[in-house]
Amino acid sequence: MINQSLTYREALRIAIEEAMNADERVVLLGEDVGNYGGCYAVSKGLSETFGSNRIIDTPLSESGFVGAGIGAAIGGMRPIVEIMTVNFSLLALDQIVNNAATIRHMSGNQVSIPLVIRMATGAGKQLAAQHSHSLENWYAHVPGIKVLAPATVADARYMLGMALKDPNPVMFFEHVMLYNESATTPAPEDCPDMCSAIVRKIGTDISLVTYGGSLPKALEAARQLAQQDVSVEVIDLRSLRPLDTDTLFRSVEKTHRLLVVDEGWRTGSLAGELCALVAENCFWSLDAPPIRVCSEEVPIPYPKHLEDAVTPQVAKIVEAVLGLLKQEIVS
Amino acid sequence: MNKKLALQTLICRLILDIAPEVDIESLDPSEDLREELDLDSIDFMKLLEAVSLETSITISESDYDKVQSLQSMVNYIETRT
Amino acid sequence: MKILTMPSFGSDMATGTLAQWHVKEGQKVSKGNIIASIDTMKGLIDMEVFDNGTIDSLLASEGEELDIGAPIAQLRLLSENKASASNIEKPIVVNILGTDADADTDIDAIAKANINSTANNVSQSKQEANTKKEEARTELSEQSQDAQPNKPLFVSPAARKRALELGLDWRQLEHGHGPAGAIILQDIEAAQNTNVQSSSQPENSLQLEKSLQLEKSLQLKTVSQPKAITETKPTPAEMMRQAISANVSRSKREIPHYYLQLDVVLNKALDCLSIHNANLPPSKRILVNALVYCAIARSLTTFPAFNGFYNDGQYHASDEVHLGNAISLRTGGLIIASIHNAHRLGAVELMDKITDQVTRAREGGLTMSEVQDATVTVSNLGDRGSDSIQSIIFPPQVAIFGIGRPRKMPWIIDDEIVCATIVNISLAADHRVSDGHSGARLLNKINKLLQTPEKLI
Amino acid sequence: MQTDTNKIQTGTNKIHMDIAHIKFLFKQMLRIRRFEEKCAELYTEEKIRGFLHLYIGEEAVAVGIMQALKPEDAVFGTYREHGHALARGLSMDNVMSEMFGKVTGSSRGRGGSMHIFDVEKQFYGGNAIVAGALPLAVGLALANKMQNKKNVVVCFFGEGAVAEGEFHESLNLAKLWHLPILFVCENNGYAMGTALAISESEQHIFRKAQSYGLAAHAVDGMNVVEVESAASQYCNSIRNGDGPCLLECNTYRFRGHSMFDTQLYRKADEVEEWKSKGPIKKLKRWLEANDKLSADELIEIEDEVAAEINQAIVFAEGSQLEEISDLYLGVYAEEES
């Protein structure tokens, strides 16, 4: 079986297993990560391999066990803390922002906090408003932590290991719609590093920048647009903090147009930040206003037809691109 | 007689499809179509294509000079249907 | 003697009111005694004395509001001279900032000043600050190659739009008031007022040529979907006319044209076509021009001096031949649609491309890329044009072909007079880049290819 | 002449304590007291800015607890942390310089009064979020246990923190995972302006801890010797693996919550009553009653303390501010460890 395939979920599990075998300081804390095997089955089977001392089921105390993960990192461990979804991470926001992100700087660079906090994110499974948030931009706003959004099986497979080796606290977002994605077993070179963006499809007419769960939609939109002789360049950010602005600017200077696809709500979104960066740094190369496709500004509704209407879809992306290219001079 | 008229209106409609801005009413049926309406060879070719689709009469290259005016085109087609 | 001052109890407290004294002048006090009550927005707070001594004089009266730090009493310390723990006058302050002012209070003031004045330029994260610096440098260097600083390299969207409205060619301006001499709105408005005619023509980079061609495509758009045009604004057709006139007049001024022409016998070509077109529906039939385009494109691959761009005093030959097809619009005006890699296409594909482009050009559907990068242009007036046509080169290209009307003529072939269909092919070329001799050899190559038409299909 | 080794009545069990050690405790508490008094003065002169929460009245708790710790044990303080820092052995120069916001401060001047850090002394700072440090302390204890280290983690917090969810989550995790951690509740009766009686249904904090299965009891937070002996007892039990404990120290702060506090929430005579049984006054009275502290000795101690404080001020005043260009140092760790 030369190139059998691997799912995004399996890639994460192998990554955790590999890291735990390589370094006994690596442990996994989280709700139902042990006996239950992980609410998204990422850690299934790991507690049989490593035992309950290293695969630790925690009580429903997000602030408690995330804070404990941070404290353990201060104490020399390299913990992976799994928060079931970004929606529950709000209970641990104080520990993440006021402790994990702040203590190294506030202590005058004395205290080190090497840990990875993983969580699912995004909509698409009809879980309604409280289970469908996309709040990566909240964390990407905070200096002191790094924020990653692996969108491919290769990134899921290799980024986690790199995040664990990074001496800083790293937030790791796994979009719920990606867990079942599968691809041929990736090789290390498919994931060169953890912080640079990758041009997933070269193009000349417009730069389509996105991350995480929106990447498959962006690539499909680009494919459809190619049939209408519109050459789209698709950029996968991969890291939301730090942002690889070089790749972004180089692309926009080539295509003179930018469309950002971001499942967060438009106001205060990461997409807004990207448009601001491009307006500040590529103004003289712009031939059209930088635009965004984000979620409608409503709580994510339960019914499928509404959830699809709210979140970015391929058709919306195609329409936005064509609208921009055909746009006459704005008076 | 009305067959000729029907053919003429058909051809005029086809011309308007290709060149909407032309003034078809004031076209002198006996004058050279392409000269009067400023149709270049590509427009003319698309007109022949449209006519052959509508009337299933294919005008060969050699007969091009027999269909230079509206009237001659109408006659050419009428005699062949 | 120690001066007691109005105490601060918090950063948001600028003044305090001495509500009540708890001591009288001459009264002995010891460290920690409450000597007054200070009224603040939150209410009364006790003021303690931090040294043993006697109250020498009360300087503030009850009810008086004073700034923080204002003197309110004088305390004669218990042991004026013994440097006992309790009455340390003032810590020896190392004047670290070299200012003669009272160092310790000034440390805060200066520190505050430092932090505030530099606060805004470090407000972005380090990552953005760095990329912004690098970006400004690379963006300017990348796009301007060797351009002098004051050359108008960039045009703001607003300026570009206004220039178009005024039918003004912004490239006539020496420089703008934007960064690195970029042209911004005010420059256009100023140029309009002083009615700047063509001053000395600045050399322009490839970037500018592209944007000018883009200009034309934009006009095309306004042609097909005209917005509500107010009287003062020129009609789209007028705008296109102005843009074309700017372009051709610049070409005439700048480019030293030389002209050549050759009559080519098309008999073989037409015979070949009539066989090919025999049983094809009209739309699939190939016109003779397609064969001529094909011959031109293929010949150019071995004549680089006629296929490329002349910019900033330098010629860059193009490895591909993007054949610009000049399409005239019935409503007036001209659009150059480039057929990409024409040298690799056969006459059939060329015919499809030409038909498609002409149709879309007239419907306003040409995409940006098609309008931008022709490396050489062919103009032809079709079979009802004039016998021959000498064209004007479209900068930054360096050559343009003109195809006359195919016409039947008596012609000497093998010493006999025969009836031949002749087409005049003209070549206008830029003498800065090529000369007549190589131009003539190019036309002969085209003629030779047209004598073996079957190879071109 | 009483025997040197004097028996001190110390709550449940009597521990052996010699006079020199008691004098050391006295001086430690006096250092903190005089330091805090000077900070109040410097604050009114706008030399120390931001918030300032003084430890005056609670000195016995910090001094007592710290005696039970080894250098490699870890300490998590609160924003009322000057006493914790000085008792733990951080240099007064660095603590004072930190409050002047100077680069020689314990945290390069970046934290101020509420965020003093010194990793060499295993002092993991104050934390301005009430109960914010509890999960951190639990985590460090978890790490120690995983790495088979015999160190104890001590986590200070006020009775106000008990109302936060983190208190419940942390004590549960500590007992659930049998972690080597000593929780120290400085019960000074008021969470800023809110008396304990109007915020907690169960006002005996140690009983709450017992409900999670922790060994816990309360001590007189004004008696430094009693605090020390209780702390030693718990630290020893933690070191031989008996799991987490909680020590509730009943104490009182003689000053406001912070400098801008009109103290409308409590009566002046209540403050005076607690002052009469303050930790320093109590020990001083005992030492003098047993002829262990002469007037000259007291002056000598006062002078030593004053000299240390004055040197700290000179050090702080003479120190530089951090370069603005170093602003980004420590936002992220540079090297890949």
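Observations
The chains carry the letters A, B, C and D, assigned in the order they are written, with residues numbered from 1 in each.
To be clear about the criterion, a residue touches a chain if its C-beta (ideal position, glycine included) is under 8 Å from a C-beta of that chain, and two chains touch if they have at least 3 such contacts.
Fair warning: this is a prediction, and the values are worked out from it, not measured in the lab.
Averaging Cα coordinates per chain and for the whole protein, the chain whose average falls nearest the overall one is A. Each of B-C and A-C has its own count of C-beta contacts, and the greater count is at A-C.
Centroid to centroid, with C-alpha atoms defining each point, chain A and chain B lie 63 Å apart. We define each chain's centre as the mean of its Cα atoms; on that basis chain B and chain C are separated by 49 Å.
Chain centres here are Cα means. That of chain A falls 32 Å from that of chain C. Here the CA centre of chain A is 42 Å from the CA centre of chain D.
The set of chain B residues that touch two or more partner chains is empty.
Of all residues in chain D, those that touch two or more other chains are 331. Taken pairwise by the contact criterion, the protein chains fit none of the simple patterns, being neither a path, a ring, a star nor fully connected. Annotation, chain-chain contacts: A-C, A-D, B-C, C-D (touch as defined at the top). Looking at the complex, you find that chain C touches chain D at residues 5, 7-11, 13, 31-32, 40, 42-45, 47-48, 50, 68-69, 84-86, 88, 91-94, 96, 103-105, 107-108, 111, 114-115, 118, 122, 126.
Interface of chain D with chain C (complex): residues 37-38, 40-41, 43-47, 49-50, 101, 256, 258-262, 264, 302-303, 305-307, 310, 313-314, 317-318, 320-321, 324, 327-328, 331. The touching residues of chain B, when paired with chain C in their complex, are 19, 21-22, 34-35, 38, 40-42, 45-46, 48-49, 52, 58-62.
Within the complex, the chain D residues that touch chain A are 74, 105-111, 115, 117-119, 124-125, 127-129, 132, 134-144, 146-147, 165-166, 168-170, 172-173, 176-177, 329-333, 335-337. Chain C meets chain B in the complex at residues 273-274, 277-278, 281-283, 285, 287, 289, 330-331, 354-355, 358-359, 382-384.
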